[in-house]
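Only one structure is covered here, and it is reproduced in the block below.
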Amino acid sequence: MPLLEVDNLTVEFPTRRGILKALDRVSFTIDKGEILGVVGESGAGKSLTGAAIVGLLERPGRIASGQIRLDGSRIDNLAPEPLRRIRGRRIGTIFQDPLTTLNPLYTIGRQLVETMQTHARLSDSEARRKAIGWLERVGIPAAAQRIDAYPHEFSGGQRQRVVIALALCAEPALVIADEPTTALDVSIQAQIITLLKDLTRDHGTSVMLVTHDMGVIAETADRVAVMYAGRIAEIGPVADVVRRPAHPYTDGLMASIPSLEHRVDRLRQIDGAMPRLDAMPDGCRFHPRCPRAFARCTEQQPELMAAGATQAACWLHAVS
Amino acid sequence: MFDSDFAYSFRKSPVAVASAIIALILVVAAVFAPWIAPHDPMDVASLSLLDSFKPPVGMPDADWSNVLGTDNQGRDVLSAIMYGMRISLLVGFLSVLFAIVVGIAFGLLAGYAGGITDTILMRIADVQLTFPSILTALLVDGVITAALPRTMRDALQIYVIIFAIGISLWPNFARTVRGSTLVERNKDYVMAARVIGVPSWRIMLSHVLPNVIGPVMVIGTLGLGLAIIAEATLSFLGVGLPPTAPSLGTLIRFGDDFLFSGQWWVTVFPGLTLILMVLAINLLGDWLRDALNPRLR
Amino acid sequence: MTQHHRHTLEAVAVSHRFDVSRPWLQRIFNRESKRFLRAVDNVSFEIPTGTTFALVGESGCGKSTIARLAVGLYEPSDGDILFEDQPLSSARAQPALRRRMNMIFQDPYASLNPRWRVSDIVAEPIRAFRLATRPNEVQARVGSLLAQVGLTMRDGEKYPHEFSGGQRQRISIARALASEPDFLVCDEPTSALDVSVQAQILNLMRDLQQRLGLTYLFISHNLAVVRHMADRLGVMYLGRIVEQGPAETIFRTPLHPYTRLLLDAIPDLEQVGRSRTPVGGEIPSPIAPPPGCAFHPRCPLANDRCRTEKPAHTTTGDVQVACHAVQEGRDA
């Protein structure tokens, strides 16, 4: 049984212009110890998916239908209090801006100790010892002294290390990392990614890695879900999605990334822009920008279907 | 600015709608007073002492020609209030306008020029803000009135009051405008104008000013309430407008003498009107602040 | 253009310091001296006309300061910047020359005045330089500029908030082209955009360069983008250019340890699932840069000389590099 099952998740935002469907029947699973990358452009719904799983949807957004199951039991319909307990003990979170996670008024040691003590029975000295251990593991030098420092005394990269320690110290089964390296410089980003990868492998933690950076996913994830306009366009093993993309959107996305290896005269571009939530086209949501669209694409919305080694929501792969 | 979101947030706020309706009624009553007021309180010839101290409707001996009763000279209280609001609103509006113009000019200059200009202008504002604004207004009013020749005092009094209240309010505007200017002047659209060599004064007026005006409208609305109160206070203290042009404050002061001899209506109705007016304006200001603040939306 | 200039822009030993002292009164009380941040330290480069020179580096390396120096938004503290062989300040004093340089900014949300209509935004340089005066003439120019960047005349009636990030960057480019420039400073023009939109903007910029013979100073933190755009390349670290030369050469055989670190740190699509040992350490604060070579605390090749002596630029083939290890041949 997979650790996390997201089943036909639909998230809506009621507005005065009508109900906007920000996520439309999104389904995927994450196995134990697996890293699932979720990639897409801004507004594709990737962060929203993560927020829905941990019950942090911003109002007035709401889960309109579908189920989210962790270890087989539903977590999408929990009351705030049990949900809060799951968040932290069973699911850790890492966000782009470490300052949204760290409380500026408490030392990082206190935050680590409190997090561990709310989720496990630990004496103060034991918790502190463990906290120092976590800081060492995430690569904070002189952890025994730095544990009593406040968040502002750390650099951006180190703060993100502390956030990783905070997300992992309760030993959750799943970590949701939303653009964990976007605010960091490349050399620091490489450190953080390696750290996240090593730690989660050592603890057998599953990761949902949300990012717009296909390169980060290629290096880190086992499988990847490509999102477009609130739906999953393609999902499959990273190597297959990157090398043999089955969905024309994934294909265009890969081709539009400039390469370090060779220089081309023109990048292949996807013309136009992702449709806005209040102006979704009929049929496949990608068809107005798709170079391979045909009649069926304009009429009928495709669901995920087998396409080589991956699954793609594209009529090109329909078995006629 | 008056796009559909704005109108929507207005319709969604019952307080804002109610305040707007009250404010609108009061403003219409004031502006059109000469045409719609039942009597002309300024026309001394029409007054008769026989009509003095008629009580408002609902009390014995009342009649419908003086709905809110009359004062000691037989003046219709409702009409006096309508004419008084005219003056109160005029003084409030003009003094806030004056404060806005001064505040925007100094705030833009301080924020955009920075350095010593900023330091001097803002320290002046800081010092002034340590005094209650009514004290500043009293002081300015007193000094100017004393300096004016006696014969001109009554004729110029209204301008002196506008100036005094305006001066007492400008630091609020200047500080807000300066703060927003500091943010805006470092934005890339200002850089883009500087790259092609647009002169600083033009950048201030055409680029920065339209982007800092939003908060000014909010404190301008709230300031209007303050200015009306300030004028009423000055008039109540007897240093405000002359009796020839009675504002709400003046009416309250006159009526105050009769409060304990039973003719409460002479002072209570102008007082209630003042409260209603300032309350409506302040609630509108609060709503405007929330509506213009994207973080609260 | 009557004269042909080999170089559109030249920077000769340019430095720029920012005063980061605390306010005067606090300084007096705490007996502190003034403090300076050396954002740009002795930087020299030249941009041949019609080519793209790119500056790449991480935050705090001074690349955006150079962008602003290059269009005269800042004055260099030391050194000279020449625009077509004239000092930049005197070039900028003449509208006919000032017109020929313009800038494209990173944040498409902050670079367009939210209260202005797009047509007025694009028309601003036209009006400022009086390239057209009659309203219908201005409108015609705005229309053709919008068309050049793939927008329509009707888009001119709208306000910036009605556009997506990519479209805003197109508007920004149209405005930059409105003064009919030869030289454009592009400060991270695609960093705020999604990759598929980034491809559109990069293609557009390349097209425009070919069609109009533009010279670009291209600032970016993204090496892949730089590789796509640059003819020549400078790699910056803490205010200095540590390596510069033809982009092809540097990407093929990076010399400076920092350039190698950067190239190695970029996650690459073509290396699915690679594992590696990233270089540790943080970027030091430019207020108190390390002595000697600023990169020595993170450098795998650092020795005592690197810790004390600032390396000078030496030329190897087409490439200039500032590194003791490379000069001594310790880099193999």
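In this document, chain identifiers A, B and C correspond to the written order of the chains, with residue numbering beginning at 1 in each.
Please note the rule applied: contacts are C-beta pairs under 8 Å (C-beta built on N, C-alpha and C of every residue); 3 or more make two chains touch, one makes a residue touch a chain.
Values in this document were obtained by computation on a predicted structure and should not be read as measured data.
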Provide the labels of all chains in contact with subunit B and in contact with subunit C.
none
Most remote chain, CA-based centroid, reference being subunit C:
B
Between subunit A and subunit B, what's the gap in Å when you average each chain's C-alpha atoms?
54
Please work out the Cα centroid separation of subunit A and subunit C, and write it as a whole number of Å.
32
What residues of subunit B sit close enough to touch subunit C in their complex?
187-189, 191-198, 207, 210-211
Quick check on the complex: what are the subunit A residues that touch subunit C?
41-42, 139, 155, 157-158, 185-191, 193-194, 197, 212-216, 218-220, 238-239, 242-243, 252-261, 263-271, 273
Residue ranges of subunit C in contact with subunit A within the complex:
58-59, 164-167, 194-200, 202-203, 206, 221, 223-225, 227-228, 248, 251, 261-280, 282-283, 298
What residues on subunit C touch subunit B, complex-wise?
68, 71-73, 92, 95, 98-99, 101-103, 105-107, 110-116, 124-125, 128-129, 172, 175, 179
